[in-house]
Amino acid sequence: MSAKTRVNAKINGEQVEFLCEPRQSLLECLRDILGLTGSKEGCNDGNCGACSVLLNGRVVNSCLVLGVEVQGQEVITVEGLADWRGLHPLQQAFLDHAALQCGYCIPGILIASKALLDRETNPSEERIRTWLAGNLCRCTGYDKIVRAVQDAAARLKQARREVNS
Amino acid sequence: MSQDKHSLAGGTNYQVVGTRPPRHDAPDKLTGRALFGPDTKLPGMLYGKMVRSPHAHAHIRSIDTRRAASFPGVYAVVTAQDFRWNEDPGAKLDESAINFAYLQENMLAREKVLYVGHPVAAVAASSNHVAEEAAELVDVQYDVLPAVTDVGAAMRPDAPLLHEHLITQSLSKPGQRPSNVASHFQHVKGDPSQGFAQAEVIVEHEFTTSTVHQGYIEPQACTAWWGLDGNLKVWTTTQGAFGMRDQLAKLLHHPMSSILVIPTEVGGAFGGKLPIFIFLEAVAALLSRKANRPVKMIMTRAEVFLATNPTSGAYLKAKMGATREGRITAVQAELYFEAGAYPSASVIGYFGFAMGFMFAPYDLPHGQIDAYDVVVNKPRTAAYRAPGVTQVNFPAEQLIDELAVKLGMDPIAFRLKNVVHQGSELIDGTSHGSIGAEEVLRAAQSSGHYGSPLQGPHHGRGVAQGYWGNWGAHSSCAISVNGDGTVSLVSGSIDLSGTRTTVAMQAAEVLGLSLERIKSSVGDTDSIGYTEMSGGSRTTFATGIAAITAAQDVVSQMRGRAALLWGVEVQDVSFDQGIFTTHRGGGRQMTFAEVAERLAETGGPVTGRANVDPQGWGGAFGTHIVDVQVDPETGKVDILRYSVVQDVGKAVHPSYVEGQMQGGAVQGIGWALYEGYQYNARGDMLNPGFLDYKIPTALDVPMIETIMVEVPGPNHPFGVRGVGEIPIVPPPAALANAIYRATGVRVTDLPMTPVRILEAMGVI
Amino acid sequence: MRAFEYLAPTTIGEAVAALAGKGDGGRFLAGGTDLIVQLRCGVLDVGLVVDVKKIPELNVIAFRPAEGLTIGAAVPCHRIAEHADVARVYPGLVDAVALIGGTAIQGRATLGGNLCNAAPSGDSIPAMIVLEATCTIAGPAGLRTVTVERFCTGPGKTLLNPGELLVSVHLPPPMANSGACYLRFIPRHEMDIAVVGVGASVVLNADRAVIEAARLALGAVGPTPLYAEAAGAALKGKTPSEESFAEAARLAQKAARPITDLRGTEAQRRHLVGVLTRRVLRGAVERAKGGAADVR
Amino acid sequence: MAVVWIPSMMRDLTGGKERVHVPGATVGEVIDALEAAYPGAKERLVVQGRLASGIMATVDGKRALRGLEQQVSVESIVRFLPIMAGG
């Protein structure tokens, strides 16, 4: 075991501090040190997307980020989407559209979808499929996932309209 | 009891069945709270890691674990020596014939390693990284042997033998000479030579399919904790907690009652996590016992590919003849399945499925099928969604398409002319029960998709259909009534895709309760009766029957309580849609909740129970239609439109039935176009990762249209049929037929990659 | 994955000093999408990882019409692809950069990393070769500059000496009436490594009727990305047409040195070089004429 | 007497006959009767006192879960098929 490094980061809105080895990925730190097991390991080489998190608002594979690299950065995981008021509109849309089966890829897909809808209000089917191509789902055939993201985009738009009016 | 069944007899007038309520487990899975196999965390937990063979075929000369054992942070090292060996070859688990010696050898090799990735030892250490480093310190000396990785090579007379004493098992006169052919079975119906003599058109080809993996995103993972009291607890991601417990009991020579298997959420399985073959749990248990600590083992993705249980690649020969009028007169097929390192077909039963269902959609007077299970230096093969059938549907439905072309007939019309009905006799001598084959074909024929014109050059439309027999088997369910009128339902069925909900919906229908008032859980092996693994498309059918039966038990007991409260005879109390009614005393009513509130004063708690073994389930037909565009310069296939038409019996939760149809179709598309194990001459798998083992991404597929045809399944109160497996069967043939119509060439090898299409077209 | 030390210096000098004398024992880390995988699967085993993402010069992305484009070696792909000037002036680069991995990889992977990883299939490299990109390299002895086409020396090998750091890549300003395009062939529609990749740039004359200069570069058909000089040169003075493209494609096929591996066969690759060369030339000429290239 | 469908690979023993009528109250007894009429039949179907691994019997279309002890009536149809399990 090599020496551990102290890391300070903002995770799901909270300032946290943890100790990790440089070789531990952000995914390992989230899961094994911080107990945030919502982010999943599917391949550990950036090809499945199950570990997707937002790093400073940008979707990344947390298996390809070292824990020590997030010193001073901001991370959002699936655990940070819902709050006490209830599910995030994306989560609600996935629930309503039956867009999950086993659910293992879903945290990564929700995070990636959030990153998309944070920057684009009305993505086309092709755009959603391209954006999510790095998030493998073996159960659903993607149909209901794409529909749920489209519906969530509409819900978010509606919510923004209500806030603005 | 007749009153209790009222809500079932209505046929289509259901309150809950057929609706689309939210799933019980969805919020946890959407918020990251659901705990999957790799998510278990226990105090003092260690991490286990396998030491795996770098050779495809070798004798183990020696294993020296001393350096690994003394590495800082290492708590235990085990090898095959730590197993008590089972020599019993004939034990049966569930309905499979398990050879425990093979099972153990596959978990920790004893004398030989038979594939790259075959485990030879395991270590438990304080962290995953330390375990990985220590595993590299286990010194294994091998004498390397030549390897065979396909059936052709394995069946040559001079092929190296994986098992020096393996005699082909068959019903013919036993052979004497060992070979790599583990078994051979044959079905003959009628007189095939006469059938071919009657044929006016005969088509015949050879086909191959690649080894493919179920490709679940969650790797195999488990945590074992062997207490000093002898009680072993195992948290694991499995399709069958009871099967796992029973296997562990046998493998570890430990009483079943001292083993508790706690099933975690399962991140995809598709036949790859059946408890028939297990890979980690017994080893984690041995490590835990030795270290006196809980031990977690998680496979890497490479380990999942190299050393779990992909499904069989196959070499297939098939022939079909028909008259000019379009009647099929005879079929003949030879099926050579890769077993992997150990005999496999007899365990998973894919011989039976492949031979039985290959031509099951067609009424055939004559036919012969021979199937062979051939061991090769690859991981042991197992089930993948409709095991054995996708491979054989690929040739069968291409021959059908080719005959339709040669006869100048519409491909659906040709199929309708030969379609099976109830009572049609299959090639294995069994007969179809109530089936919706013709209904599905007619729905496909009249679909908007089939009626639409094709758009442009290099476009083609393909059709294929398939059959899967489904399953019944044992299930247990208990329903406890709570004081506020809610109920808690526990079943033993692992929930792979929403069955907690589809099972509870059936209980809700009987109890007249809305689904929100039912809490539905998956029990561990101490909390509910034996329940067969979730597989064979059985769960919503068989565990649904268990839930219905348990709910009927609840209603029956609650009627007694209502009778007591009213002071009437129990036969004077009826129950309908959640309301107890008696016509005595001027007519009175109580809701389910009102009776539930008064259980304490009428005799105490009420729990309904059921242990069932339903028989006579109905099989499932599906017809797929696909439009493709093939780039004539690159051979790349774009799927433009895809439709799945399927007999679903009764769709309990239509959204999740659609999900099964869509997900199965896309897995079939992956099998058809992208997926396959690749090997070099040494027997190394070249693509053990999602970069080069290519499963479809969101961008590779269009929306998958679904048409649910509801021909009620037999022997289920709501007419439920299994729906999960059949959707994977037709896609490879449907795509091959579409590619043929787009390019004029038939591709007979899976996957139908761009390079193979260009080669078939003669471009390269 | 063996244990290693991690440093995150903020100056080029510190970074270079950190790896000085370490030989193969240390590596620079930018996006990490190749390096972390290589460390994890044991292809690489180093005692020190030096994160260069905190060094300002490596995070620059600057376009000046007269000078061209400078991209720091640690700039992630998404910043390049989303940069308005880059998208407008260097669409041929964006074609390639946007193909490196899916969305999450785009968030981390860098142009510098793609180059230093020196995969024969690295998508950005043929695109940079045809755009005449140069590299600025820092070492113990100071800075030096080399062309991208010379940078890769073999699969995974570059002309970087141990301890040298790629600081940035520079692209000259495009000539008038020029256009570039990059295309690759993959079996799926995303997420794959190129079976073949081809980049092209063309310069047309003032009335956009004759090709004045052209460059072609090929990926995944040799031990490094290849600059197919003769194929480009053959277009000089020719009218952009299917005939001239076919001739260039033939020469590009001749320049290719493909092998058969798990991702493609030799014959398939040679064939695809021809197909893709014709397609990228169409795209590049379309862009040179000021049109939007539909290159799929 | 029960009707037994003879698997095609065993028809060398029955002179090509597909179906034979044999007495027996259980699958095991039926196999014993087959053995009496067609010596060599039993060793192909039964190994170490159990139906051979990979083989199942069906009686009247239903899997004989009790194996050799499964009851057979005088009107039963008995078949021997490759097992089917799971999926």
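The chains carry the letters A, B, C and D, assigned in the order they are written, with residues numbered from 1 in each.
One rule holds in what follows: a contact is a pair of C-beta atoms (placed from the backbone, for glycine too) under 8 Å apart; a residue touches a chain by one contact, two chains touch by 3 or more.
Given the structure is predicted, the values throughout are model-derived calculations rather than measurements.
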Selected pair, greater C-beta contact count between A-B and A-C: A-B
Chain centre separation in whole Å, for chain D relative to chain B (CA means): 29
Interchain centroid distance [CA atoms averaged], chain A/chain D, Å: 58
Residues of chain D touching at least two other chains: none
Per-residue multi-chain contacts in chain A, two or more chains: 1, 21, 23, 44-45, 47, 130, 132-135
Per-residue multi-chain contacts in chain C, two or more chains: 1-3, 41, 102, 189-191
Chain-chain contacts as defined at top: A-B, A-C, B-C, B-D
List of chain A residues in touch with chain B within their complex: 1, 21, 23-24, 28, 31-32, 35-45, 47-48, 50, 77-79, 81-82, 87, 91, 94-98, 100-107, 110, 125, 128-130, 132-147
Residues of chain A defined as touching chain C within the complex: 1-3, 5, 21-23, 25, 44-47, 49, 52, 55, 58-61, 63-66, 68-69, 71, 112, 115-116, 130-135
Chain A contact footprint on chain C (complex, rising order): 1-6, 8, 29, 31-33, 36-37, 39-41, 49, 51, 53, 76, 78, 101-105, 107-108, 189-191
Of all residues in chain B, those that touch chain C in their complex: 129, 132-133, 302, 633-634, 636, 673-674, 678, 686-687, 691-692, 694, 696-697, 699-700, 753-755, 758, 763-764
Touching residues on chain D, where the partner in the complex is chain B: 5, 7-10, 12, 40, 43-45, 47-48, 50, 52-56, 58, 61-63, 65, 79-87
